[in-house]
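Next come two complexes, and both contain subunit A; in the first it sits with subunit B, in the second with subunit C.
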Partner chain A sequence: MKDSPAASRLIQLGFLTAALTAWYVAGRFSAIPPLFLPPIDAVWSSLNGLIRTEEFWSAIGVTLSTIAKAYGIAVVLGVLAGYLVTRSRFLTAVLEPVISALFSIPITLFLPLFILVFGIGTASKVAYGAAYGFFPIALNTIAGLSRVDRRYLAAARALGISAFGTVRHVMWPAAFPVILTGLRIGFFIAFASVLGGETISSVEGVGRNIALSAELLEPARMYAWIVVVVAAALVLNGAVSAIENRMRGE
Partner chain B sequence: MLAARAAILAVTLVAWEVAARPTGGADLIAPPSAIAQALFATVLRDGAIRSAILFTLFEVLCAYALAVAGGLVLGLAIGSTEMARRSFYPVVLLLYAIPQVVMLPLVTLVFGIGPAAKIAFGFSHGVFPVLVNVIAGMRNVNPLYVRAATAMGAQRADIIRHVMFPHMATSFFTGLRLAMTTTLLGVILAELYVSTAGVGYFTKLFAENFDPAPLFALIGILAVMAIALNELARSVERRFTHWRTASTS
Partner chain C sequence: MSAEVTAARPAAISVRHLTHRFGAEGAASSVLAIDNLSLDVVQGEFLCLLGPSGCGKSTLLNIIGGLVIPTEGEVLVHGRPMNRPMPDRLAFVFQESTLFPWYTVSENFTIAFKYRGVARSEWRDRTTEALASVGMAEFARHYPNQLSVGMRQRVNLARGIAAGTDILLMDEPFAALDEQSRMVLGEDLSVLLARTGKTIVFVTHSLAEAVFLSDRIVLMSARPAHIKQIITVDQPHPRLPEFMLEPRFSELRNRCYAALRDEIRAAMTMQASPLGTSEGA
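Let's turn to the complex of A and B:
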């Protein structure tokens, strides 16, 4: 939205200011029960206190390492599965619709099974996030690799490039943009599912802390945690777009 | 092709049966035969579970109807003028990027543990795809058509009804399909978080009693329901958009 004129930026700024002011005024005059919307200054001071505690950073650490593991597994298995499936045209034709049909089932349904099998600790969240992230990565890898122009492959073979060289120098560059989209979608799905798994059924991590603050009827603390997640999501969004643009620019 | 898929399914089921069967006792992965047995003996026979499933379906449909109506109205409001779109579309996209699941405890706090929270959470998941696709669809309308309509004396409502709506149909129906997926997700998340009578209650009950066979059966029913709703949304999308691809491409 770089080309949008200053006026619309101004409206956006005005919108944000209005929302924050409304929040402040509502807290000031207790227009909304503080249990649902605590005053903005209470949330701010709660956030300030929160980031000084050790539990805050350990919860952040748990969640980040869970996301990293889940996403790592999803990337490795997704790209590998996509590569293996596209090895044969027959396999692609048989399996691609199966994988995309499976992806239309909300994996959230299986969360109780993940908890049952992997326990209530971080392992079940890793598995759940990895399962969710796997599908977009695998589907995009299949889409990317199966559309590599076969003449390029024939040319590479004619020039005597090894199997590894073909993957490295022909298939990877040709399929990369589509795979990159899958990697981005997979990341945000893994991110949201790990937080969701933590919120619904967990003993530690950011999601658990949000649910716990709600259970203890400490809305200011809960909002402080939500603010942290929203800020993290926006920063990650910007960072991932920047990385993606740089990688596409090559 | 179909034969190959059927073969894969058969091999998976047999392997699953064989792998899950021999150890016996407190196994967490139930074999397919036990799941089928639990499906007919426990899950489908129990009136409380049957009504919980229907209740979840009701929650999904309510949330979906609200999401479509809300998304359409808001989308038309934001997409109807250039200024409004430039100002608020980035805000909508920004909000769409936030993982909503962290608001689940808040939604439960505000709407309680009954169906209202499930419908509200399904709505908040479903409204964004509709909204984004309505706005994006209105942007695709050729401005010349709008100018021509204005020149011929069309009112704002006429333009929306006769010029904008037919052009944004493709995008709108894509939004409807995506919204079905996300609404289901929202309702299921809210059911699993806290539930006293819905399917969330029963999944928790079976999981906590280490009773995997009925749990698998219940999840299977819900998965079938999800696929059916998705297919319904997809066929509606095909039904109402094929004329467009057929006439323009």
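Let's turn to the complex of A and C:
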């Protein structure tokens, strides 16, 4: 019973209920200044009002399409770069540590530059999310493709499988689990980067609305937006895990 | 046709003055793996390369198969030089781990057929036939890791046979098996080969396996590999387990061991000083 998935779900649900109850109790007794944490019912009614507005749905639409574009670019460029780098063992030896080192730099430092180049609109957030998401995808693609068991490659050669066939039927499936992990990390980094970028500097989108609510001293509205992001993150995490398990054939 | 094939029994494989060195000559890490080795493999024979581990048996097999290009010398297969893998002329059977785990058993066959230009209509029948020959027909849709090590090796063997080549190169195909499974698969192999009449070069370091399966056993020296002695096993295929009980079997086995004992010791000292410096001394 202790190890069953139902038991762990129950414990997780228990934690969530406890946190929400604590929030409710804190609001009830004004334990925390409402500017920092407004009562849960105030946030609820704010959220209720919010989802009835057109600006809410347009902000959601802007943010989702920005994430989709950023992630799409990161996937295409990351996998392509990983593939091209691993075409040569020399290039892998040279570039893998370089890409890895670049990834350790907080790319947020370059957000002002992205805004300078791409403007304050969504394009700068697409570029920022794509640049950040690129790294884990490229690094995992390199790791996966460059560490394919050499016995499989010898077998492919002995079986007469062509160079392209070897990439398609041997290297890609051998590297796939590692690449998939990169795709997953890349997705959440692109998601976080786009929202972060919007919050720091933008004219529209979910992040912008969170920042604006804080500036206008409307904490209930700000928390309502945050609840939306948390809910979206949970749903996306579930969806990504489901897709991943499916692709891993589990 | 080359003029070489004029002997009484034609050579399927001719190895001519083969020398192979890993790393550049003179470099500290350079290792001379094979030293001026010549050998003819007669058509239809089962030839075993037997020698201490690390002596260059697998390197020799990889050169014969065109997977490794030798430093000097050449390999002729049916009179034509081998300088790349030629899957239509010879098939490899590696250790069991080379079945692609992301494909089912039958997909592991069809992928090879696809790139060898076998007509799609034949894929199914040839896969079934090859699997049936090793008693694995009902496992076509399994994934390799759903099978035991012994079953996987049967499938691996079948993949080599399904290639339909005259020549089969086998690199310690039973190394991952326990002794009992190894003997059983060895018997099956002997029966199977008696039917097909393929030419086989088989690498092993098991004395009993070598004597049980081979028509000729090539005893190889410690690195750099050259031929120390060739022992003929005059016993028709298919061979039955009773063969192992005959005094002749033990006698042949002992002869192999006596010839190899010093080489095994030499190889062990060499492994203690890893870069094989003894060759220069």
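Of note:
We adopt the following convention: the second predicted complex is superposed on the first by the 221 of 250 C-alpha atoms of A that agree within 3 Å, B and C clash if a C-alpha of one lies under 4 Å from a C-alpha of the other, contacts with A are read in each partner's own complex, and residues count from 1 in each chain.
The definition used in the following text is that contacts are C-beta pairs under 8 Å (C-beta built on N, C-alpha and C of every residue); 3 or more make two chains touch, one makes a residue touch a chain.
Worth saying up front: this structure is predicted, and the values here are computed from it rather than measured.
Of the two partner chains, subunit B is the only one that A:219 touches; subunit C does not reach it. Contacts of A:163 after superposition: neither subunit B nor subunit C is touched. Contacts of A:200 after superposition: subunit B is touched, whereas subunit C is not reached. By the document's definition of touching, of the two partners only subunit B reaches A:115; subunit C does not.
Annotation for subunit A, partner touching more residues between subunit B and subunit C: B.
Judged by the touch definition given at the top, the superposed model places A:105 against subunit B, while subunit C stays out of reach.
In the superposed model, A:7 lies in contact with subunit B only, and not with subunit C.
Shared-chain residue A:234: touches subunit B; no touch with subunit C.
Once chain A of one complex is fitted onto chain A of the other, the partner contacts of A:174 are limited to subunit C, with no touch recorded for subunit B. Touching subunit C in their complex are the following residues of subunit A: 149, 151-152, 154-155, 157-162, 165, 169-170, 173-174, 176.
Only residues 1, 4-5, 8, 28-29, 83, 86-88, 90-91, 94, 97-106, 108-110, 181, 184-185, 188-189, 192-193, 203-204, 206-207, 210, 212, 215-216, 219, 222-223, 226-227, 230 of subunit B touch subunit A when the two sit together in their complex.
Contact residues on subunit C toward subunit A in their complex (touch as defined above): 62, 65, 67, 85-88, 91-92, 94-95, 97-98, 100, 102-103, 111-112, 114-116, 163.
For subunit A in complex with subunit B, the residues that touch the partner chain are 1, 4-5, 7-8, 11-12, 15, 35-36, 90, 93-95, 97-98, 101, 104-106, 108-113, 115-117, 188, 191-192, 195-196, 199-201, 206-207, 210-211, 213-215, 219, 222-223, 225-226, 229-230, 233-234, 237.
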